[in-house]
Amino acid sequence: MGDVFVLAEHRRGEMREITFEMLTKAQEIASAIGGETVAVLIGSSVDTFAERLAAYCDKVLYIDDPLFADYNSDKYQIVLGKLIQDYKPELLMVGHTTQGVDMAPALAVELNLPFVTDVVDIIIDNGKLKPVRQYYSGKVNALFNFKGEPPYLITVREASFEAADGSKQGQIQKIDFPLKEDLDYRRFVEYVEAEVGDVDITQSEILVAVGRGLKEEKNLSIAEELAKAINADLCGSRAATDAGWLPHDRQVGTSGKTVKPKLYIALGISGAFQHLAGIKGAKTIVAINKDPEAPIFNEADYGIVDDLFKVVPKLTEKIKELKG
Amino acid sequence: MKIFVCIKRVPDTSEAEVKIDATGKDVDSSKFSFDINDADNYAVEEAILIKEAKGGKVKIVSLGDQESDLMIRMALAKGGDSAIRVEDPRINVKDPLKVAKVLAAAIKQEEFDLVLTGCMASDDGQMAVGVALAEELGVPHAAMVKKVEVEEGKVRAYRELEGGLSEVVEITLPAVLTIQTGINEPRYAPIRGVRAAQKKELKVLTLDDLKLDEKEVNEESSLVELEKLFVPEVVSRAEIIEGEPEEKAEILANKLLKGGIL
Amino acid sequence: MNTELQSFIQKYDLLGCVQCGRCTGGCPVTVRTNLNVRRIVYDSINESMLEDLAKLPEIWDCTTCNTCAVRCPKGLKPVEVLIGLRNIMVESGIIQPTVRDALESVFREGNPWNKPKARRSDWMEGLEVKIAEPGKKVENLIFVCCTIAYDPKVQVIAKNLVKVLNKAGVDYGFIGDDEVCCGSEVYAMGELGEEGLFEMLVEDNTELFNSYEAERIVAISPHCYSVFKNQYPDLKAEVIHYTQLLKELLADNKLELKKELSQKIVFHDPCYLGKQNNIFDEPRYILSQIPGVELVEFDRSRERSLCCEGGGGKMWVESESRKERLAEIRVKDADELGATLLAVACPFCVLTFDDAIKAKGLEEKMRVAEITEILGEAVE
């Protein structure tokens, strides 16, 4: 009892960062409540992963079987259900990722577990675990209590915790598992890469937007460089598409497109009402504008009041540096 | 094909300031506008597209008060055939697992081939109801689906993963799919149609109608409880980064990369 | 839907068209888009073509300025044919997402901007604004307009009007959060016909307005004014435009314009005020009363005023054209006249010209201002 389990997440031969973020936090929780950290690894030919994980936890439980070559929520659910019943951990942490959200809620229902999703922090209050999650896209935080008995299940938001360097030498234990043949009701078929082709900015995850502040078409390269460095698509205000710097279908706003990127970087855009209406759904907005009174700063999360020609090339440079 | 679509009415808080009310456990929603949850709107459209291609019926299900009727009528006007709205003050609507249990009870009353939900509600961001619902119904599921191909007795679902990659899975019917925004372009419901949809069946059911015991879905039955809401430190106006141009660029680069935004 | 298609010819009197081309000849957007309204009137006679015609993108380039209807020698309203074609798309449900969102927003929240109904009068904060009460007598019931209520750039229009009205001691009242979209743009985007959104707005607004004991309804935007005046048959109160009210106040010496404004002003006639409702003189009268002002005229003024492309749904639909915007032509003309202030009496005109002035790099030489703003300065 008192152990903290973490489901290791990997895809196409790569461990995903969320795993180490969770293990780092798990370590803190386990020491506070007097338990061990256990990484659960499910896959096929994953010995090297197991070794890597051992540096981050007290124990790695792992299943290595061709039946688990590709991720399948239902198979994971079966395995985790069995492990939970056998080991009775205090807490199981799963990433709030496309893998985790496809599986964890079903597991919570199946085993009737106290369950909190999209956790951004866990507070330890007198030995009690209190998860924190957010509502209204981060405008309010909520502190939760578990009422029922452990094991508790949470899904953890990516980048909520910083992964430390692993310096442990956990024990590695291969385990047998109950599933003997493939499931007939859910079958993995294949991975499909995003089609490269015409950019549809309504689907873009990251956007660099330019406005009249860019002054001339030849300056577009400054925005393009930044976009390239962060894998973004380019779009603009009506002023930018009117000027012909960008095609018509890259216009954002009431008479253009409504976009919902994770990140929207507005360069030299004042933030007219007609423009802002198109970026309501953006998660994080960064504005670079030399006018401190520009309305865009009312909507932005981060702002730089300065000449974009001075700041943007530096920003691109720093990002490239940091990305290595 | 008999398709159920689960939809929810949510507040639009994207530009409004969110204030916590006197109870400390809820927010003051008097200044919000409300609409169908974005992803649910795509789920409705997808259901209607499937119906148009394969024939069948689309039934709208929602858990909510009477104010949800407008959104339900709009979904009916677009091509839904009938609707169920569950309203019962005893249900803990804040617990996604309880919501899933109630929706399952409503759907289980009839036969179904496919259940669509949005992959996430914009207010609470749980991303849990659809998958929990599948478990309650005892059918397979796929979450965050951005493309659907319906075949005989099964569907191919393209799940959108991080970084633009899709995972294609084949699941047998009946099944639950949680639908990602952008899977289609939702149509407009002309208001004439919305008015005409008054004539379509909209049943309002309670826990008793669903033969659910209140002890299964009320607040006491939840295994987690909200202790309090609090406003995070981030302020509503932009955090202005100060310094020389180069310093500002560096600070911003760090925030974007290390803050998990990029 | 079929019966509606059949009545298309009758409804718009299409057989009366003699194909003279005066409509297209006067249509301002022909210089920058593919819209040929004469051609569309002609093709609409063929019922089987209607659905294809409705899908042409240029149907949405029309700004509903009404020039074509003014010019048609046979009394046809070509613009209505275009709106009828938009209606076919609206009824099919397949319309641009931006138009869809605007219309749905009007239905849900009473404004096309996807803003909460409960924040409609946020602009009043910090001002002394009188709110009218249903059942109580009020001389002037003021209707704000969705765009003025929510777009910070044009909220100043309403704020200045409040200032002027308070100064003049007028008996007035605003409606507050209960105010709902007038339907002008909803109509222009084709959400019309029996049981449609436009009809719903007309019914609801008529009921709302008639619940007040108002002598007059004063619309601030010409778009609201025009629709109340011409498409609301059952209003008890008289409908006027605010420029009419202000002219009255000035003529009765209820307003004193003390502050000198040494500017060369050119007034742009908004389509919905001028060529559609023949209000030409009031704005000019008001401006002429401001000490120091030199008033000049566009070559294309009054009935011939060049549309600014702000109305007719253009807030939600962009034309593919890269050619110079009409508003840009207009500000260049104003510059040639040596005007330092481009005066308008419509919120859409403020937005289009403000953008055009920046696009043409004329910020240093000229600004656009709504008449209320100019008066707001002058009454100080």
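For clarity, chains are labelled A, B and C in written order, and residue numbers in each chain start from 1.
Please note the rule applied: a contact is a pair of C-beta atoms (placed from the backbone, for glycine too) under 8 Å apart; a residue touches a chain by one contact, two chains touch by 3 or more.
In this text the structure is predicted, and so the values were computed from the model without any measurement.
Visitor: Could you find the two chains linked by the most C-beta contact pairs?
Guide: So the pair of chains linked by the most contacts is A-B.
Visitor: Using CA atoms only, can you tell me which chain is the most central one in this structure?
Guide: If we average C-alpha coordinates per chain, B lands closest to the whole-structure average.
Visitor: Farthest chain from chain B, comparing Cα centres?
Guide: Using the mean of the C-alpha atoms as each chain's centre, the farthest one from chain B is C.
Visitor: Measuring from the mean C-alpha position of chain B to the mean C-alpha position of chain C, what distance in angstrom results?
Guide: 38
Visitor: With chain centres defined as C-alpha means, what is the inter-centre distance between chain A and chain C in Å?
Guide: Measuring from centre to centre gives 46 Å for this pair.
Visitor: Taking each chain's centre as the mean position of its Cα atoms, how many Å separate chain A from chain B?
Guide: 20
Visitor: At which residue positions does chain A touch at least two other chains?
Guide: Counting only residues that touch two or more other chains, chain A contributes 280.
Visitor: Would you please write down the residue numbers of chain B that are in contact with two or more other chains?
Guide: 12
Visitor: Any chance you could list the residues of chain C touching two or more other chains?
Guide: Expected reply: 97, 114.
Visitor: Which residues of chain C touch chain A once you look at their complex with the stated criterion?
Guide: That would be residues 97-98, 101-102, 113-114, 150-153, 314-318, 320, 322, 325, 351, 355, 358-359 of chain C.
Visitor: Under the touch definition given earlier, write down the residues of chain C that touch chain B in their complex.
Guide: 90-91, 93-95, 97, 99-100, 103-104, 107-109, 114-119, 191, 193-197, 200
Visitor: Inside the complex, what are the residues of chain B that reach chain A?
Guide: That would be residues 11-15, 17-18, 20, 27, 38, 96-97, 100, 119, 122-132, 134-136, 140-144, 156, 158-162, 164-172, 181-182, 222-232, 234, 237-241, 245-246, 248-250, 252-262 of chain B.
Visitor: What part of chain A is in contact with chain B in the complex they form?
Guide: Per the touch definition, chain A meets chain B at residues 11, 71-74, 96-99, 101-106, 108-110, 112-118, 130, 133-148, 158-160, 184-194, 202-203, 205-206, 230, 260, 262-263, 276, 280-281, 284-287, 292, 297-307, 310-312, 314-315, 317-319, 321-323.
Visitor: Under the touch definition given earlier, write down the residues of chain A that touch chain C in their complex.
Guide: Chain A reaches chain C through residues 212, 238-239, 242-244, 248, 251, 254-258, 272-274, 277, 280, 295.
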